[in-house]
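Here subunit A shows up in two complexes: once beside subunit B, once beside subunit C.
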Partner chain A sequence: MRMPVLRAASFERNSMAFTNEQLERYSRHIILKEIGPKGQKKLMKAKVLIIGAGGLGAPAALYLAAAGVGTIGIADADSVDLSNLQRQVIHSTADIGRPKVESARDSMLAINPEITVHTYHEYITSENISAIIRDYDFILDGTDNFPAKFLINDACVLEEKPFSHAGIIRFEGQLMTYVPGEGPCYRCVFKEPPPKDAVPTCREAGVVGAVAGVIGCLQAMEAVKYITGAGDLLTGRLLTYNALRSQFRTVPLPRDSHCAVCSYERTIHVPFDYELPTCDLK
Partner chain B sequence: MAEFRITDTVDITDVVCPVTFVKAKVALEELEEGEILSIHMNDGEPVQNVPRSIKEEGHRVLKLIHNDDGTYDLIVQKTEA
Partner chain C sequence: MTIVVAGERKEYADGLTVEELIEAEKVETPQYVTVTVNDTFLSNAERASRSLQEGDIVEFLYFMGGGTIPSLCASNDL
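Moving on to the complex of A and B:
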């Protein structure tokens, strides 16, 4: 009979992977069967880019930072405005006038000093988007205008990057997830941006802050699921939320075999910019 | 303890609930199916909760040894769910 051998070195391997502080910080994740130690390690190694530090990006950034996503990029050209604070919960009154990316970075690091935050204090355009998204595993679209949404879609499809699309207005929100090789892209569903002035922006139409919170959190959840492999993503499905009716719905989304960017018949080979409606220009 | 071929040990006396179970779970994760982990734990909350949580994960609890100093060693065989 073999005597027990204490292989301390083997456990040192574990303790090097997770400090006791990390085990405590992430204990509620590690306990979950669907995430566990492996899933938490994946989160800690993951790189997520959030485009837009506004109503959607704010809650998503906070939850992804708290979840321990190792590298978070945040892109936004704007500065914090008093009118943002009704929903953009990552910024505070004291941040008014500061670049949103700096305010967002400070809030994320205050929650979780272990993570790395990269800031992009610039507009995302066809010129810079491919180089920026290339370094990330998952992209989160938290923008508030159609030209940006189509640009992010096209660039992610062309660079083969998964991303979460979302939009909010008034009491409603929607989101879907694109994964390369699976399911439709945003352009399969919405071929072109709507004509100028056909759809109001949330600046003109208004939006309830908590709706941004709900949808932004769902985007963070999609990122966590993509990274850890837990559950089913919103690929090939559009999730809609109607706050007034307290209703969630999922609508199946087919792929468009003639899609201008993700099909074999592709006519878009490089990202390009649509003209931004005048009201979106500050 | 000699009747078990213990692959690894983990000491969870330096942490409190729920990190006790989390630390044991991380140690089990590193083992191969069928390998055996000895978990060193304190009396009280750990010995009340950790064996149950380990069982709920689907692992096989082989023995709970009560040591002279009041601590316990829980012998667990890793079983994939």
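Moving on to the complex of A and C:
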């Protein structure tokens, strides 16, 4: 039996209804024609996973929480350290020693108590990554080590999940977005992590906190665009930022037709862990 | 010849190979840098034999993890 037009319209109105508080909280989104009430509803229904509650994950988590992303997962096995606070703005001095995921959850809920935050106080490995990412619509890679970046890439490609890859160093940062079936993956660009003995000692190169903020916010923006459908994603493009030159560049990224994980010649069929080297510097 | 290197127009002698360009541009940790010429990946093995031509567009794509050089420091997040 066909639903009467009037009821269908009424249902549509009800499903689009916001509380007065939501209308006020999200008014600057709702007024944008590229987002509007429909886009805001999409954000409120969306599930985003942030892997790494550090320099990239911190600003991304804060902005996605503020944007009203309905469910945010945050994964990190670490605890807050004094040396983190120069750039990991989701944590405070009083949080030192607490698990980062708890500190991050509290900060997100303080901004927006309407959202749901799931915490994963554990290392992301080949054993657990597929099950964790499966529940999410979009994944943000906020990790700092290459084994983790390749693991996230491979798992997202195999699970057909879109994700934002990013990296930062010194005064520079870069990011790209993978969308299943559309663009190159991280492994198309970089075949393997550098070998652990490539550089004999592990020394700090440093990073400016605000660079992490810029790139983390751009990752959040990619998530917002993917969810709402607004604009063009960084798919098939690498956005680079050089803070000293005040310069952004977009570099085209081709697909690798022989890619080990995203091509028809795929040789990687399940996620696997690269050995994570140890470091004498924290 | 004029080529475009990482977005900047530069003058180099004809016949310059990609490997020579990498040296001239003082590319950091070149063995871990991905090179594209005219939006096509170039393997490390092709660098020495690939001569650049007028108008070629070369990009260097760097591993960028976190606040460490590409030596794989096992901290947890950025």
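In the analysis below, the second predicted complex is superposed on the first by the 256 of 282 C-alpha atoms of A that agree within 3 Å, B and C clash if a C-alpha of one lies under 4 Å from a C-alpha of the other, contacts with A are read in each partner's own complex, and residues count from 1 in each chain.
Keep this in mind: a residue touches a chain if its C-beta (ideal position, glycine included) is under 8 Å from a C-beta of that chain, and two chains touch if they have at least 3 such contacts.
Just so it is clear, the model here is predicted, and its values are computed rather than measured.
Engineer: Is A:Lys33 touching anything from subunit B or subunit C once the two structures are fitted on A? First, second, both or neither.
Structural biologist: After superposition on chain A, A:Lys33 lies in contact with subunit B alone.
Engineer: Contacts for A:Ala205 in the overlay, against subunit B (first) and subunit C (second): which applies, first, second, both or neither?
Structural biologist: The second partner, subunit C, only.
Engineer: Touch test for A:Pro147: subunit B only (first), subunit C only (second), both, or neither?
Structural biologist: After superposing on A, A:Pro147 lies in contact with subunit C but is clear of subunit B.
Engineer: Which one hits more subunit A residues, subunit B or subunit C?
Structural biologist: C
Engineer: After superposition on the shared chain, which partner residues are touched by A:Leu23: those of subunit B (first), subunit C (second), both, or neither?
Structural biologist: The answer is first: A:Leu23 touches subunit B but not subunit C.
Engineer: Just checking: does A:Arg98 make contact with subunit B only, subunit C only, both, or neither of them? Give me first, second, both or neither.
Structural biologist: A:Arg98: touches no partner chain.
Engineer: Provide the residue numbers of subunit A that touch subunit C in the complex, in ascending order.
Structural biologist: It comes out as residues 52-57, 76-78, 87, 100, 123, 142-147, 149, 167-170, 172-174, 188-190, 193-194, 196, 198-199, 201-207, 212, 238, 249, 251-254, 256, 276-279, 281-282.
Engineer: Where on subunit C does subunit A make contact in their complex?
Structural biologist: Touching subunit A from subunit C are residues 6-7, 29, 31-32, 34, 36, 39-41, 59, 61-78.
Engineer: Write out the stretch or stretches of subunit A touching subunit B in their complex.
Structural biologist: 1-8, 10-11, 13-14, 17-18, 20, 23-24, 27-28, 30-31, 33, 36-38
Engineer: Which subunit B residues qualify as touching subunit A in the complex?
Structural biologist: Residue list for subunit B touching subunit A: 1-10, 14-15, 18-19, 21-23, 25-27, 29-30, 38, 57, 81.
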